[in-house]
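Below you'll find a set of structures to go through.
Across the two complexes that follow, chain A remains constant while its partner is chain B and subsequently chain C.
On to the complex of A and B.
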């Protein structure tokens, strides 16, 4: 039995532009196109087939990570129900479903400076024309890997592996010292 | 920063990618019947091209997929990228077909 204390998210000091998002259910789903449709039915949300795009509805989000790889997110309390629903709904369809709920956590960056803060460590063009609302991708921030998802014109959802959270937040807070007080 | 055109994600910064060696090297279907010298060649012998080189790249910090690229080793220019399993495009270093 894993020590639940070890699975606590590291403390993050909230600010006007940064907050730690609550724990969530996360699955990495991999499989051929035939499995996408079945997984979408079980999950209650179609998996996006357009590269680097997310689909969402209340309590569900599906992020395209690769041509046969999606990140599925739901509220933490849905974990058990979803796990058994996938097990029965995809019994005869080859696929891979990995529970990564505790591997990574999520931050939200919000406000007029959110994109500017991210560009300090992320090499992508975050102009809304190049990185519109609904776009998501795995990428890097400084020396850590992140999944970046623009949820609104001035809001980003950032997935980061648990042990890299303190590094990522520290870097962002360092960058934020440049902001006018 | 060098921009590489991922066949899945589109143009992305070089630091999201990792190099995977020369492309289009097929593993012998039945290694047990391969002569030792041929096996050594499969494992270790690679061309050291000056000019256009077909090589494997992986968009490891993006879609994580392997793909192939034609790169000019003298200029570091990527002439073309294409998906694994597709033949190398017939093209020269200027990008002319």
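On to the complex of A and C.
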């Protein structure tokens, strides 16, 4: 196990509505529908088959990003065990499992203004009727790509590539200046 | 205050006086005034000079249709907005406004000589007048035209204001909060649909704000508006946006709105939010944009004091201002009668009501008789006089035989005119909806929509109050239902004093066969009936051509007041009907939009994402100078105190050649290609043969486009039988992944292989130089670094400082080299550990500049520097990389085309200047002999050029026609300072045998 003390994620200044989520194990799982069931068994959580929906249980989350693409998330310490489990559990099933734990980080936006902050740069309809809890998708915020996942009525989990983190946070903070202080 | 302001009435707050200035003169107005109404209340009608002839111009309208009264509003040297319509500028205390397009002063403008010389400036004069003599174009014509062109002056300082942007979605977007728009909003909101209602004015109500006699649901109309506005505001499903212009209708019901937040405020705080761009995606759009009154076209119709009748009524009823005391009303429509009646009731004298028709409507006629208005029928206007404001009008009569006789000259201080109303169909037209001709009212109205668009009220010719309310409510219900929300259609009981609004576009009758010179059709671009007639005489038939030739309708007002009259004049001239002549396209924006609102948040640090690597802060702390590579910041060199770039780069290069250098290569693109068909996929895509690449080895790969030209390159490692780690150029990462995914999805969907970008998963630390192994060995575990176990181009998994390590033995410098790939969060810690471990061996961080020199010394190309999208692998000396036995790969067939193998193609060579201290300019051209006449025959160009510390001289790479056969020849680089002789060499300058790589 690597020394977690050596890790250094892009810094994020927390606020009442924004925080950086702790490091996590992230895999991009790609493969045909035939691989989904086995992957779910190994991962301990069924991979969603409904487009743009996430499934989750404690310590596991699986986000549908495309017909052959899911983002799997688990605690950071599960990386090695999960990799081994996939290697043995899906040995004969064509698929691709790629570790992207460090490629991206996650922000949480929480509070009554969370959706409002996001719609300054995200062209999607974030009304709860159009973007309900449990919905997730790859989209953009201004000039950066994000994965947006609504985890509660007033909470969003935002995945962003590490080198775009500063831009995303800077933009959100600029937008937040419009909120009544 | 003065005689122009009424004693009471209007929607201004007379308890709140506001001081303002116009061209340095101080005036007073009231809260609720516009700049235009406040100036009129002070008797000021002269507001500007016209664009072309510099004719004195006043205020024509009372809203966004205004073509003349363009002013500059100044807060400070950074916040000054030109070309604002005074009719839309809300007055605030301390407002400073200036007139435009005049010098030295508004009252005496030297360029007004253009008016006297106007016979020299007919339509299309710029196509004809500046042709001869040819040399005068640069010396005289162009500078003069540039000085005269354009309108207004931009502010000098950077804009200190902030601008916001916002995406919004709704079921029903309603543009316009007049009677029809409000009714539509009430209906749609009651259904539960998500509704956005916007209006360009500060107050909702539209024309109702100037209709004191109108009553809705038993209330004065303005009170009803206020009550409904409050009711709508209380609904959670409704967003109300005042001071918000819908300026553009984009595909799929995306509407651009510009919301003005502080322009009306006396002292907005520093850095406050000035405007907000809304990009609204609406399921259904209801256009309730109203109608605009048309001017009448007669000689001198542009003189200050000549206004639209609706404007005269609005200034009176909404702002408490009489626009004149002795008023001539010219009626091309019954609507003019309402203005005459209101102004007479307010104490102005109506000195003539000249109706250009043979009869007025019954209601108008009766009301005029009751009020004893001096009506004359079959009238026309032959001219006006008054230097800076109208002082008299020459009226004429059209006999039953059609002849025009002068009848009288009437002294006056204002002229109100109405040619009828034109529905505001700009947004509907922008949406590509087709317009249909309403022959009864002589107007174009929205016909077949191209989007999910509905029109309501006056913008589709329904302008009587009760009918407009009913139409709005019905359309609002229909729109909501179309979006999936059923509701009842509300009914409103309403009454108002109303006359018809129909009229006939075109010019008033004039004596004689030739049109008068100064009957203006397009006020903002100074286009007259004579210009239109000239275009027709010169053979223009299409209205689109006439528009461009005369510039009618092409000003910033997009022909709001001129479009239909131009059509009428042209149709009369051709003796065709208006629908036969057709209509030109309305362009966005509806009214001008600031650059700031489009820029939004994208300025300064947030202009673009600034991508940094995990070692960025370390590099900054060590004095790195950065360069932009795409969105990335890369350390270019690390100058020590007193060093310039040249010295720093020379030192960094020497360190790599003699000791050890440390380089951040994290920005290289990385793609993991995984699946049982990974090797098949790689074989089809890249030129190389990947079947022979063993697990744990890497190889330099080349990617072509299907046209056979080099697209990208990079080292590819085989991590497992079914897993490749592909690196790309820094700038090429996204497009290579896109190309791969494209081929996979469209050409080879049968392949079981998947792609994942891992560019940012890995921090890549290059340790290069003869002492590289010594430096990293103490830190690396689980990998045998000895040359036998880990030769050049091998790959291994291990650990460094406890972090996972994917180690490449690879070199872009020609030296012994390693690239340490560690998960990015560990990048900074591992970098610092390597740096500490190397201190005793004088490890030297180096930047991209040294990297470029080192690779050029070795003749390694950079895609995009040596290649320009037209280079084959052979051109750049890389045909060795092609898997010749492969049946196919992307670009293979193109490489077989004769032109791709033709002799004389440009090939990569080295150049050594005869004078070793001369560093060639990159991009410089090569010629065989400098003794040629210009233009010389250029046979190649310099692609890379550096001072090489290792070689003690300059070196260059070049692409040279038939280059490999010319090695040894002397060529020339002609430069302004003289011709530079160069010797053609092989492109590898340093260690051509490659011994050092295998150290």
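One rule holds for everything that comes next: the second predicted complex is superposed on the first by the 174 of 181 C-alpha atoms of A that agree within 3 Å, B and C clash if a C-alpha of one lies under 4 Å from a C-alpha of the other, contacts with A are read in each partner's own complex, and residues count from 1 in each chain.
Operating definition for what follows: a contact is a pair of C-beta atoms (placed from the backbone, for glycine too) under 8 Å apart; a residue touches a chain by one contact, two chains touch by 3 or more.
Here the structure is a predicted model, which means the values were calculated and not measured.
**Student:** Report for A:66: first if it touches chain B alone, second if chain C alone, otherwise both or neither.
**Tutor:** The answer is first: A:66 touches chain B but not chain C.
**Student:** Figure out whether A:123 sits in contact with chain B (first) or chain C (second), or with both, or with neither.
**Tutor:** both
**Student:** Does chain B (first) or chain C (second) touch A:175, or do both, or does neither?
**Tutor:** A:175: touches chain C, not chain B.
**Student:** In the superposed arrangement, does chain B or chain C reach more residues of chain A?
**Tutor:** Chain A has more residues touched by C than by the other partner.
**Student:** Answer with first, second, both or neither: which of chain B and chain C does A:81 touch in the superposed model?
**Tutor:** In the superposition, A:81 touches no partner, neither chain B nor chain C.
**Student:** Mind working out whether A:23 is in touch with chain B, chain C, both or neither, as first, second, both or neither?
**Tutor:** Only chain C is touched by A:23; chain B is not.
**Student:** Using the superposition on chain A described above, determine whether A:138 touches chain B (first), chain C (second), both, or neither.
**Tutor:** first
**Student:** Let me check the overlay on chain A: which residues of chain A are in contact with chain B and also with chain C?
**Tutor:** 69, 123-124
**Student:** If we count contacts the way the header does, which residues on chain C are in touch with chain A in the complex?
**Tutor:** Counting only chain C, the residues touching chain A are 162, 164-169, 194, 273, 279, 281, 601-602, 605-606, 608-614, 631-632, 672, 674-676, 752-762, 799, 801-804, 823-830.
**Student:** Going by the contact rule at the top, pick out the chain B residues touching chain A in the complex.
**Tutor:** 1, 8-10, 12-13, 15-16, 61-65
**Student:** Which positions of chain A touch chain B when the two form their complex?
**Tutor:** Residues of chain A touching chain B: 51-52, 65-67, 69, 123-124, 137-140, 145.
**Student:** For the complex, give me every residue of chain A touching chain C.
**Tutor:** Touching chain C: residues 2-3, 6-9, 23, 28, 30-32, 68-69, 94-104, 119-125, 127, 130, 142-144, 161-164, 166-167, 170-171, 174-175, 177-178 of chain A.
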